Amino acid sequence: MADPKAAGMTRRERYEADQRRRSLTVAATSTVLVIAAIVILVPLAPGWEKVQRSFFNGAVLADTFPKLLDAFLINVMIFAWCAPAIAVLGLLIALARDAKSPALFPLRIFGAAFTDIFRGVPVILTVYLIGFGIPGLGLPRPWNSPYIWGSLALILTYAAYVAEIFRSGIDSVHHSQRSAALSLGLSERQMMRDVVLPQAVRNVVPSQMNMLIALQKDVSLLSFIGPVEIFRQAGVFKSLLANFTPYVGAAIIFLIVTIPATRYADYLMARQMRERR
Amino acid sequence: MAKTISLAALAVALTTTTAMAAGHCAAGKTLEDGKFTIATGNPAYYPWVLDDAPESGQGFEAAVAYAVAAEMGFAEEDVVWVRSSFDEAIQPGAKNFDVNMQQYSITPERDQVVDFSAPYYTAPMAVLVGPGATETEPTMAALKSLKWGAVGTTTAVPKLTETIQPDSDPLLYGDNADVNAALGANQIDAALFDLPTALFLSAVMIEGSKVIGQFPPDENDNPDHFGMLMEDGNPLKECVDDALAALTESGKLAEIEAQWLQDTTGVPLIK
Amino acid sequence: MAKLELRGVVKRFGDNTVCNGINLDIEEGQMVCLIGASGAGKSTLLRCINLLEPTEDGEIFLDGEDIAVPGLDPQTVRARIGMVFQSYNLFPHMTALENAMLAPRRVHGLTREEVQPEIEALFTRFGLADRMQNYPDQLSGGQQQRVAIVRALAMKPEVMLFDEITSALDPQLVGEVLDVLLQLKDQGMTMVLATHEMGFAREAADKVCFLKDGRIVEEGPPDQVFGSPQRAETKAFLERALK
């Protein structure tokens, strides 16, 4: 005799399979329609040919791509030395802001002022002020290089954001962890180092990934004070060739780098959500 | 009786002079009928435009603009000034100006996307050095060892990379002001500008800077001709070229150049 | 002189007086159970004893020395008093063994090689030998709580405080933890427990204290407090609790 429960589940399974098939069909159809609409309708616009020549010009893309890649190495370089400095400085500022002893009060004020100022001022202003302003005081070469001071501007700005994220991570470690650590006889510093910070840092890795991704793009701001990174190089081509395609080329290069990074950040966040449940 | 006749005559005279005379080349070809719309930079610099006020007609490009307009039959009050960036000038699509005058150099690549008038000025390129390098000799060899900067969107860039070929990579900037800042901060030794701009900058903007030399303007590799930029296929080009030809022939163009760009003598040629 | 002597301990949170003049003697080797409703001040009292909370007033004498003196560095005291919490509070990023080894290494400056054998022995004694390399999220509640006890014991404390350590456990896991407590008692550890496990308290405690509104209302041997409570509040509480 057939088990009635088993019969019901099979019926439901059949139903769900049908539903799945139906929604897949609808999804596929609507996607195809949307893509077809774009591919067919956009070129019908009167200005399409001009736009295509100006923005999506294959010949220009091929011509300019190698030099754009070269320029991108400068972006990579700047990113490579800024990111670790930002992580370290951000953590130090976060700890400064959380300093509890009265003797360290000036440190707390400094930390608060630091995060207020560098999160408040637009990055480009900071790049100009520090990138031109400090060398302008009369530093000799090579100490007045825009690479040094422009990078410093990025480091200071991003450290402020990263510090606040670290702080929220530290706060998110339940105070019972503190109680347990202290009741074992650990000092405040040992507790921070061995119990709180390892958990705090792990908690905020997804948010910090977002900061990293933003940094990858903001490195281009150094183009305003001289370094010929990819954005500036694309601009030079734009001006020489009166064509915007080099920017599209630069965008493609950026996407090749940032998409894996964003996917990884999403993966980390999803994993964290799962662990919390 | 005399009064009504003279009134009628006056009326006829007025109607025929305010509307663009049908015989004029530019009739019906401008953005706004009866008006000639010219775009310039934001801000517009000396000596091309004085005090960022092109309506005054003061400055080389402002003066040439009004002269060309007059040749084409536009009265002074029919000239309308707008501001634009380089990007707005070269983007595909309708423009908000008839012509754009901002020291644009005519290049074959640009010519494919926009149209240029006949040249109204040929600009030698000049080397401006900061206070730390004023002793540099105006020779190609000496120039190679300097640290160079330039505005990234100008023809100074290919001049640097192809002709001068400096030993260290140049730094590029968004506009003249940033190049000035870099010179002032001693991050670069030298920069390339068209000669009139270089003289202005050394005289007014950067303490202790000096124009140490100019490149001979009749070189075969890309001498800088300034042209008025307009939309690709603009029928107005014909009229503007005719006007410029007339001004060149009559000597008026040279007069304007002499009036506004006279201190270009005395700068040595780069060997 | 008792091992721990509390005299007039007062603890306030804002306007709320949670401990309102506690007097208590705990002899060495005794197991003292604190019972009472939630909010009666049991947990807070324990946290005052190991200086997690500063007291407003009163003295706490450990071996005759007042450790509640304001300004005293709490770290050395805390190394002598171990505490186990209701929610285990194991460090999630370390294995059970690393959890236990952390404090002896950092506080006493010992190396891993020096502490590991002793601590492994502790794990074995409490039936956790095969769980030492596991992370807390791989352990059951009862196992985690036993690891927490080993962690506290690793510092070789003179007094152990237990803050309702079985309240968060599934009933079938409570037994294994209580067994550990009995083992400790047999070894002569001085223990103070805040607990709801009335049966255990009756069986194992040397002294039971009933707290209400921040005061010890009644204290005495378990047979007396449970069997013939003197005070009406005690009676009322026991009636509700043992229903």
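Chains here go by letter, A, B and C, matching the order in which they are written, and residues are numbered from 1 within each.
We take it that contacts are C-beta pairs under 8 Å (C-beta built on N, C-alpha and C of every residue); 3 or more make two chains touch, one makes a residue touch a chain.
Note that this is a predicted model, so its numbers are computed, not measured.
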| item | value |
| --- | --- |
| Touch-based graph of the chains, sorted into line, ring, star, complete or other | line |
| Identity of the chain that, by mean CA position, is farthest from chain A | C |
| Separation of chain A from chain B, taking each centre as the mean of its C-alpha atoms, in whole Å | 42 |
| Whole-Å gap separating chain A and chain C, where each centre is the average of the chain's CA atoms | 47 |
| Distance between the centres, which are taken as Cα means, of chain C and chain B, whole angstrom | 86 |
| Contacting residues of chain A [partner chain B, same complex] | 47, 50-51, 53-55, 132, 135-136, 138-141, 144-146, 223-228, 232, 235-236, 238-244 |
| In the complex, chain A residues that touch chain C | 176-177, 179-187, 190, 194-195, 198-199, 202 |
| Complex contact set, residues of chain C against chain A | 47, 50, 52, 74-76, 78-79, 81-83, 85, 87, 89-93, 102-103, 106-107, 148, 151-152, 155 |
| Complex contact set, residues of chain B against chain A | 86-87, 90-93, 107, 109-110, 112-114, 147, 149, 152-155, 157-158, 169-174, 178, 181-182, 184-188 |
